[in-house]
Amino acid sequence: MPNPLSGYLIVAALIFAIGLAGALTRRNAIMVLIGIELMLNAANLNLIAFWRYGPHPELLTGMMFAIFSIAVAAAEAAVGLGLVISIYRHAKTSDVEQMNRMKG
Amino acid sequence: MLGDGILKGLAETAKNFAGSFVSKERMTTVEYPEERLPLPEAARNFPFLVYDGDDWEKGLRCVACQICEKECPPKCIYIEKSKDKKPDYVGKPQIYPAKFDIDISVCMSCQICVEVCPFEAIKMNTEFELATDDRFGGLLLDRKQLARSNEYYHEIHPTEASEVDARLAEEKAKVEAKAKAAAEAAAAKAAAAPSANTPASAAVAKPQAPVEAKPATAGKAAEIAKAPAMATAASEPKPVPGTGTDGPAPLTAEDQKNAETPAKANAREPKAQGEPKE
Amino acid sequence: MGLVFYLISAFAVGGALAAVLLKNLVHAALALTIAFFGLALLFLRLDAQFAGFAQILVYVGAVAILVVFAILLTKGSEVPKDGVFSKSWLAGLAISAGVFAVLAWAVMQAAPSLPNESAVPSVSVNDIGNALMSRYVLPLEIIAVLLTAAPLGAVIVAMHEKAGKQEKLGAPGPGSPRTSSGSWGGDFVSETWETRKN
Amino acid sequence: MTERLDQIFVVLKHWLLGYLPESWQTPVGVVISVVCIIGLYPALFAITTVLERKGVGRIQNRLGPNRVGPYGILQPMADGIKSLTKEDIVPTSADAVVHFLAPIILVVTVFMGFAVLPMGRNMVLVDMDAGLLFYFAMGASTELSVFMAGWSSRNKYSLLGAMRAVAQMISYEVALLLSSVVIVMMTGSLSLVKIVEAQNHYSYGLPHWFIFTPWGFAAFIMYAIAGTAETNRSPFDLPEGESELVAGYHTEYSGFKFALFFLGEYVAMFSISGLGSTLFLGGWMAPFAALQFIPSWIWFFGKLFVSMGVFIWVRGTLPRLRQDQLMNFAWKFVLPMCLLNLFVAALWRFMGDGWLRWVVCSAILILAYVSIGREGMRRKQFGPRSYRYAE
């Protein structure tokens, strides 16, 4: 790595790509959510890295963004998993490929 | 208000905690190996063999009649009769158990052996610390391990033991009286009066049966009554049928039936198995 | 840089890979917590103490548990027979590989112009609190509203509706509500009514 | 002299480190501290187990263990040897890796919490700026290990116990955090060292502990309830309710792994007690100004043992709650009280000095306590049990 920031960015990109792959290739709705969580986390890593090596760390912009993103991700996980459970109750499956009807 | 019950409970347990250091009466536990609670008199565990006197081998009351062995529901008693005889407590020569084993891993403490024993020879022990590291040999007690003195019996079941002693003493006295009567009768027979003997021995046997309500003891009475008769049989054969018809007869028949049933069942079993083949 | 960075990165990336690849969903969720933990360590390495601990508290303590609960509630702990990957997995893989290639290329292109080593920012929790309460107070309030609304919504969505309640809530349809009812009592009433008619 | 005794461990550590080259001192110092913590708390755990058994015995008018050694004080040694020599059984269908990792993760995360607890003046492993947050982050991680243990055992009892434990810990963690946040509000710091220092002054010979304020007292009660539930102690020991679930999530553990769970549970109790005394009871401070000559670490561990004694006392007194009572209590009593307490603490802060704030804050809290309690009792949500029998 030429400099530390790019190292963190590459790791973040890798985790983002892994999360994206998981969200796109897995059949289970919960696994899709797991992939999305990974992507959010990769974004958080980016934010923190940019805050750390940015020109004005004392302004805390990236850090704040990451903290808010963590909070939003928690809410998102709660709602997403609630939806998965609700869908599972209706369709008796959590396989996203079988959730192809508009009427439950 | 919410929580006052909790405070009340906490006060109660605090009282218990502090009180347990102050008053010994609060403590419900007994520190077992050092302290023991007295066992209730009716406590029972596994059977033991009673012996009189100091020598356990000589004083065993058991005459190896094998009634207990036959009656035992889980069949945990194993008796081998001796070839020779030794005198019992009344002085009559009897066979004795050459081998008397009780497998206490099988025994279920039902006390039936005690109830059927005509000789007061087997009683229930209260000893419960029988743990051993050998579950086969260690729990198979032989007659030496089973033998306990009559004094020990008095110690663990005082009321019952004194009753038994009184009964034995009474029987002994009666036997002696009867022996005396027999001797007198023999003397009388010598004086040519044979008809006098029969009512006398019947009178000995008869009152015992109503007094002892239990059939087992009645049977024992018959046995004891029979014993002197046999002793005198050599000199006088006549009283034997007289005593035999009087009461012991149905009992001995029942005993025989009991004794036969397992044997019969055993005999029948191979037949039943063999029948479909034929 | 240094060895520690590579170790932690390997930890996080390995956890993420395992989370995506493992067949058993509970294993995947546990691997996900490894990834979260690795990312939290990376945050700590970036001197973002508060964010790192918040990450552990929220993700490992709450989100992972939530995922695990959801897995157990949907009977997801059994491995399905017809494979865990969708039919179009190759396309998904290609897309994500492409995304990674683009991102990595961009990062590598920009690397020389990126800022190099910089001083450790001296940011205490106090500063974060002050910033939250002054400059970022509006986002904070919005997040607070979101965090109140989202769990409520999640609970309502996931709540198991009872048959009786549904009936009470539902508007009376064209038919008689008595005969259309699915409850035991309704069936009983409709049956007797019909038998009487016959 | 008292000064030296107070700092004896700090001085000892520095003296030991003096023999090492400069670059080694920091890592070796950390290692020494960690080893001390890892050695000390299991020893305290051993003492506590025997004290607990004897204490609960006394509460029930029994003697408790008294066979191994004089007065039974060597009982933990016997227990330890027994559990170490027992066969380690892993169920055939268990998930071996997860099953193996669960107790280790539990113990590690539980011990991590001690890193930020000040155990005496200048006796803290890391004086972290976000110490309290670190503590709760580690506390939250224990839930996962409990779940791992229950799930990997492939046993219904284990799984039920784990689900109960996780549900309970999540519910009460909210209360635990909210009751601690009051302290953070008043001191303006997440560092536990600073929190202790904020309480470190006396007036009329009495200390300014946070428990001696209306909001502090209310928060302490809520903290104690939530902490008891968080460590799965009686009366909140449903996850391992032996009458229903054999042993809950550690049903399928034996030997050393079971001992690790047992250790983890007790060390978690120590750490919750330690945090509680740091937040509300002045940490290593002496309760009276006149007693300050006694070393600070003695006060810390004394407070630890007193709170352990209360744990044991409560265990010997209260019966186990039912699951619905547990949840109702968490969400309908403890949580509203904690939220109200936050408001009361803010009020206290802005009312300035004077007797008025005492009256107002106490009145609000007592009123809320009585009314929420009465309402709950009326609806039979956390009152005495009522039994319904099958018809």
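In this document, chain identifiers A, B, C and D correspond to the written order of the chains, with residue numbering beginning at 1 in each.
We take it that contacts are C-beta pairs under 8 Å (C-beta built on N, C-alpha and C of every residue); 3 or more make two chains touch, one makes a residue touch a chain.
Treat the numbers as computed from the prediction; the structure is a model and nothing was measured.
Colleague: Touching both chain B and chain C: give me those chains, sorted by label.
Modeller: Where chain B and chain C share a partner, that partner set is D.
Colleague: Name the chain whose C-alpha centroid is farthest from the C-alpha centroid of chain C.
Modeller: Chain centre farthest from chain C's centre: B.
Colleague: So the centre of each chain is just the mean of its C-alpha atoms; given that, what is the distance between chain A and chain C in Å?
Modeller: Taking the average C-alpha coordinate of chain A and of chain C, the gap between them is 8 Å.
Colleague: Could you give the separation in Å between the centres of chain A and chain D, each centre being the mean of its C-alpha atoms?
Modeller: 34
Colleague: Can you work out the whole-Å distance between the CA centroids of chain C and chain D?
Modeller: 30
Colleague: Would you mind pulling out the distance in Å between where the CA atoms of chain B average out and where those of chain D do?
Modeller: Each chain's C-alpha centroid was found; their separation is 64 Å.
Colleague: Mind pulling the residue numbers of chain C that touch at least two other chains?
Modeller: Residues 50, 54, 62, 69 of chain C touch two or more partner chains.
Colleague: Which word fits the touch map of the chains here: line, ring, star, complete or other?
Modeller: line
Colleague: What pairs of chains are touching here?
Modeller: Here the touching pairs of chains are A-C, B-D, C-D.
Colleague: Sort out for me which residues of chain A touch chain C in the complex.
Modeller: 1-11, 13-28, 30-31, 33-35, 37-38, 41, 44-45, 48-49, 51-55, 57-58, 60, 63-64, 66-68, 70-79, 81-86, 88-89, 94-97
Colleague: What residues of chain D sit close enough to touch chain C in their complex?
Modeller: 95, 98, 128-130, 133-134, 136-141, 143-144, 147-148, 151, 159, 163, 166, 170, 173, 188-191
Colleague: Under the stated contact criterion, what part of chain D meets chain B in this complex?
Modeller: On the chain D side, the touching residues are 55, 58-63, 66, 313-314, 316-318, 333, 369-370, 372-374, 376-377, 382-384.
Colleague: Report the residues of chain C in contact with chain A in the complex, numbered from low to high.
Modeller: Listed in rising order, the residues of chain C that touch chain A are 1, 5, 9, 12-13, 16-17, 19-20, 25, 28-29, 32, 35-36, 39, 42-43, 46-48, 50-51, 54-55, 58-59, 62-63, 66-67, 69-71, 73-74, 76, 80, 83-89, 91-93, 95-97, 99-100, 103-104, 107-108, 110-112, 114-118, 121, 123, 127-128, 131-132, 136, 139-140, 143, 146-147, 150-151, 153-155, 157-158, 160.
Colleague: Chain D touches which residues of chain C in the complex?
Modeller: 26-27, 30, 33, 49-50, 53-54, 56-57, 60-62, 64-65, 68-69, 72, 77, 124-126
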